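Each of the next two complexes has subunit A plus one more chain, namely subunit B in the first and subunit C in the second.
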Partner chain A sequence: MVAEMLAGLVSGGVYAALAVCIVLMYQMLGVVNLALGAMGALAACMSLLCVRWFGLAPGPATVVAVICGALIGVVLGLLMVRYFLEASVEVRTTVTIAITVGIIAVGDRILNGATYNFPNLFSGPSVEIFGTGVPIGSLIEVAAAVLLAVGVQVFLRRTHLGAQLRAMSERPITAGLLGIRVRTLTVAVWAFASAIATIAVMVVLPTSTTSFPPLAYLVIFALGAALLGLMRNMIVAAVGGVLIGMLQSIVQPSGIGRYTDAVPFVVIVLVMVWWRRSDVWSEAR
Partner chain B sequence: MSILDRRRISSTMRRSLTIAAAAAIALSAAACASSSSSSGGTTTSSGSKAPIKVAQITTISGGYPFGAVVPGTQAYFKLINSQGGIDGHPIQFIYGDDKGTASQAAELARLYVLQDHVAAMVGNTSLADCNTNKGFYTGNGIAVIGGGTEPLCFSQANWDPVNAGPYYGKVVQWEYTFSVLKPNAVCEIEQNDPTSIPYYNQLRSWFEAQNPGVAAKFKEITYTNDATQNPTPAVAHAKALGCDLVELSTVAPNMVAFVKAAKAVGLDATFITLGSGYDTSVPATLGSLGDPGALGPSDKGVFVGAELAAVNSTNPQVQLMVNTFKADNVPANFWSEIGWVSAATFVAALKQGASKYDITTAKGVLQALQNMTPYSSGFAANAMDFGPSTSHPGNRGSQMVLIQNGTWVVASGQNAGDYEIVHGLLPAPGA
Partner chain C sequence: MFGLKRVRGTPLSALLVVAVVILVVGFALSSYWQYVGAVGAAEAIFGLSIGLVYGQAGMLSLCQPAIGAIGAWSVAYLTGEQGWVPLPWSLFIGAIIGIPIGLAAGMPALRLRRVNLAIVTLGVVIVIYTVAKAGQVAGSQQSAYVKSPTFGLAGYMGLYLLCWLSFTLLAGLTIVLRRSRWGLSWLAIARSERAAAAMGISVTRAKLTAFAVAGFLAAWAGGLLVAGFGSADPSNFDPVVVLTLFALAVMMGAGYWEGALALGLFSAISSALLQQWGLTPDLGTALFAIGAITVLGKPEAAFSVMIRRQVAKLPWRHAAADEPPDLRPFSPVVPKVATSRPADGPDRPLALEINNLP
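And now, the complex of A and B:
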């Protein structure tokens, strides 16, 4: 049981990092970005191309990938600012679904079913915990995700720029009239989230399949974690991501292992029921 | 209508159009990637006779992609067309991606058979086609030669797989495992395919009954969507159970992920995978991690039961394929081989029957296939034979290969020279 739980840190770390970014984007920009996994995966593919085409070492290739991730975020951020700044959450979220489909199409072209050696950010030895090797990258990612959540929350509450971002999320037009650079900040948040997603995907890539759609769909599991934080609390979302990863890992070898993919959906349903319990019960009364 | 109203309507329309455009662009891109219906290899320069229209349904996108089947098939048809076609008839080839979904597989089959009036389906390799279109091909007199992935691909009158498939392949895997590798504890990590799980269980019981002592060595059998899940939990579990051999049923990218994850968690075990794991890129991707002993003293290597010959075989027919693939920039792997061998078997049968039947029609093609003499493809343990029977277990063997010094080599100890074959027939599903 302990071995399986620890094995879940690999995917849990990715879910946690993506969940933090989902909450950040929802809070700041009013969009549930379902394209986050696809954006990170596409940028991660750039590292592969850098290694294959230009013979870059893993370190520089990783840096290039993260820069590509940020640029993808900038491009999509500009698109959203240009056309969907005043659209509803539903419309913006729907647009991210379309973006996901488009990116998967491109990613499938790059990873065309063959095997690849992705640059490994943390290729060192695994850490032995309770007799099980845990990739050092996973431990770092889990810690980084929690730190990211804490850091972003502190940043938003304690800094002037954070206050501007919060103002922008509450009243974008008013914030704009008050001189806050709404468009620039929106694009910056997209770029930041995309870069983080790239790093998250790159940590898990060396020991995961190199089929593109599953990488893009990592966001679904992260969404379950984000909902655990009620799309507000990044720390709970990060911890939730780790817990979902561990829960999946425990379930996978069990008799119901074939339903492991259902874990985030069960979490989502339970959270939604809990979230809306007062409304439902009040109405019933 | 006021100016403000006009502006509001204009703004709303603009936004709607933008959303629609974005969605359309994205969906178009997706459609391009999965090429729901695309023509390829339609070289018609040779011969002036009527073309033979051939289609293929393959799972190109999704968690278990078999996309390389398409260029493998195209490469062979292109070669034949460049040589003048079959008895002067050029081959027209179209294909589609069913995305592993039943609805798409059904739609494509009806499109090709009822609208395009193809003479046969060649190279079909899909997780949905056999099950979804059972009865449809037979009812319409359409012959199918392709890569079998589920029980119904091996038990339909008009469906002939060129590969051993996951069932004969699995028994071959077990035979080689217990007669040559002799592990102490085996962990099986199987594909979570509901159509296959009952038959896997049936086969395992049958094999255990035939081989006393084997049952105790199966420590764990798990079913996982390994294409969509991180493999680390499964290998961590295998380590916790003390398994020194892991059996997989998966495609090459996932197999590589499992081996890398095993290294990460410190699992010391031999890996053996079905033919779906055969890909020439695997040794280079794994590097020294693929060599025997890389995971520890219990690691006898990374083995694959290649259902069709390894591409470094010296057989001239295999080398013809390798050279053609190189010229056409086609990846050499299990899936592209399936496309090539399916096309080769189809062409061999039609060449035999060209003087007796109208090979441009579905009826003539089916007759040619049913009356063909076995065709030695050079790629399999058995000669390929469509025949008139209601099931087609033609290929009953696999070539066990393992990684050594950065390349696939034929493993020793196989029961038929360079192949491990199943003697006799497997029990029918549900029997």
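And now, the complex of A and C:
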């Protein structure tokens, strides 16, 4: 049981990092970015192409991928700023659905049918925990995800730029009138989230299939984790992501192993409905 | 039984005219295009299902096409695997089974709203896809083969007729329901749950009836897909396919039947053409995504809205326009927040003036 739980740290760390970005984007920009996984996956594909076409080493290829991820975030951020700055959360979220579909179509063209080999950046020595060997890389990954959550929250609360971001999230037009560069900050948040998502996807790239959609679907479990944090608390979202990864890992070898992907959502739905049991009416209307 | 109100004849008449044209055209098509058209009709019914829950009731549910798996498995099991029930009737049974599944998928909507509901229903998509891939549910194995119905007609004309008659029947049902107490309660909760409740409308009942009817529609469409493809292929309920249908529904404005019709025709025909031209269907998917983003940025660009606006401009339609001017195929209403100074009269004193901002 403990061994399975610890084995789930890798995917759990990925979900945690993505969940933090989802909460950040929802809180700051009012968008539930369903395309985050696809954006990260598309940028991660660039590293595979760099390795194959230009013979780059994994390290530089990873840097190129992260830069590509940030650029993808900039492009999509500009799209959102240009056309959907004053749209409702639902409309922006639906836009990200369309973006997801589009990116998956492009990513499928890149990955489908081809075999790529990418070394595991997190392979290396292990430490023994409860009698089970755990790669240090996966521990670093989980710690990085939790640190990301804490760091972003501290950044938002303690820095001038964080205060500007919070002002923007509360009243974007008022913040703009007060001289805050709303458009620039919006694009910057998109770029940051996309770069983090790229790193997260790079972690699982060596162990995943050569099919693009499963990489894009990583965001779905991260969304579940973000829901556990009620789309507000990044630390709870990060912990939720780790727990989902562990839950999947526990279920995998059991009798319901075929339904590994389904189990977290059954739990999440039950938890969410229980937490929201008193929300008989919508808050806004 | 549903407290039906009088239905204006125009939408139903238009549907009937379009249906007759499509059916007649079917006899002139080759067997291949009859097949393509049949698949398009099934996808159009998925569009009706999405349009009902999101377009009419304003609930951001992404799982409607995935519920089609229930109808697919029912038809594959009852008609293909066991041979107990012939095709048109197994479709109906599958759709009936789709109602409780639709209700179950919609239960979270009683407490979750907006993006929370979107995420949870996306989870439902994953759950159904996982179950479909596992192949443990009766009818979900691809070995359960269903032969396309012919009804004594050549080629795929039998399947074509079945699919388009199904679309006509179900689109007619949505038109009738739109004017019924159920349909009006869906529109009411999309505008304001509290106001709807204040008018005596049961919000719970409105939401559940929307999901139940949408589940019925989606399961019927899923069954038709099996009739066309021969088996319940899990890839039909892949999250990408589900999200693509959702994006297409937004692009076409499937809140109205003509948007759903356009969804089916556009999706099936574009896929077939891309295949014939040796291009990958991914290209079509990418185009759908661009189209959906365009419509979301400019809602009046949705196909169904453009059609209705053009029809409303016809001289003989002015007196009998049956739709309000605010056409909203996919635009859940959010409360207007004052973002600028309200329009004042010229003599009203200025409340606050700020100068020399950085």
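Quick note on the criterion: the second predicted complex is superposed on the first by the 261 of 285 C-alpha atoms of A that agree within 3 Å, B and C clash if a C-alpha of one lies under 4 Å from a C-alpha of the other, contacts with A are read in each partner's own complex, and residues count from 1 in each chain.
Following the convention adopted for this analysis, contacts are C-beta pairs under 8 Å (C-beta built on N, C-alpha and C of every residue); 3 or more make two chains touch, one makes a residue touch a chain.
What you see is a predicted model; the values in this text were computed from it and never measured.
Three-chain overlay on subunit A, with subunit B and subunit C in a clash. In the superposition on chain A, contact is made by A:E128 with subunit B only, not with subunit C. Once the two complexes are laid over each other on the shared chain, residue contacts for A:L227 go to subunit C alone; subunit B is not touched.
In the overlay built on the shared chain, the residue A:Q252 is in contact with subunit B alone; subunit C does not reach it. Once chain A of one complex is fitted onto chain A of the other, the partner contacts of A:V266 are limited to subunit C, with no touch recorded for subunit B. Looking at the shared chain after the overlay, A:P213 reaches both subunit B and subunit C.
When the shared chain is aligned, no partner comes close enough to touch A:G77: not subunit B, not subunit C. When the two structures are aligned on the shared chain, A:L34 is found in touch with subunit C, with no touch to subunit B.
In the superposition on chain A, A:T94 contacts both subunit B and subunit C. In the superposition on chain A, A:R109 makes contact with both subunit B and subunit C.
None of the stretches 56-64, 74-82, 128-136 or 272-280 of subunit B clash with subunit C in the superposition except 128-136. Counting contacts by the rule stated earlier, residues 79, 83-84, 87, 91, 94-95, 98-102, 104-106, 108-109, 213, 217, 258, 260-261 of subunit A appear in both its interface with subunit B and its interface with subunit C. Those residues of subunit C whose C-beta lies close enough to touch subunit A in the complex are 60, 62, 107-108, 111-116, 118-120, 122-124, 126-127, 129-131, 133-134, 136, 191-195, 197, 203, 238-240, 243-244, 246-247, 250, 280, 282-283, 285-286, 288-290, 292-293, 296-297, 330-332, 334-335, 339-340, 357-358. Remark: subunit B residues 15, 18-19, 22-23, 25-27, 29-34, 61-63, 65-68, 192, 220, 222-237, 239-240, 251-254, 256-257, 260-261, 264-266, 279, 281-282, 284-285, 287, 331, 333, 335 touch subunit A in the complex.
Contact residues on subunit A toward subunit B in their complex (touch as defined above): 3-4, 6-8, 10-11, 79, 83-84, 87, 91, 94-95, 98-102, 104-106, 108-109, 111-117, 126, 128, 131-135, 204, 206-211, 213-214, 217, 248-250, 252-253, 257-258, 260-261.
By the touch criterion stated above, subunit A contacts subunit C in their complex at residues 26, 32, 34, 79, 83-84, 86-91, 93-95, 97-102, 104-106, 108-109, 173, 177-179, 213, 216-217, 220, 223-224, 226-227, 231, 258-262, 265-266, 268-269, 272-273, 276-277, 279-285.
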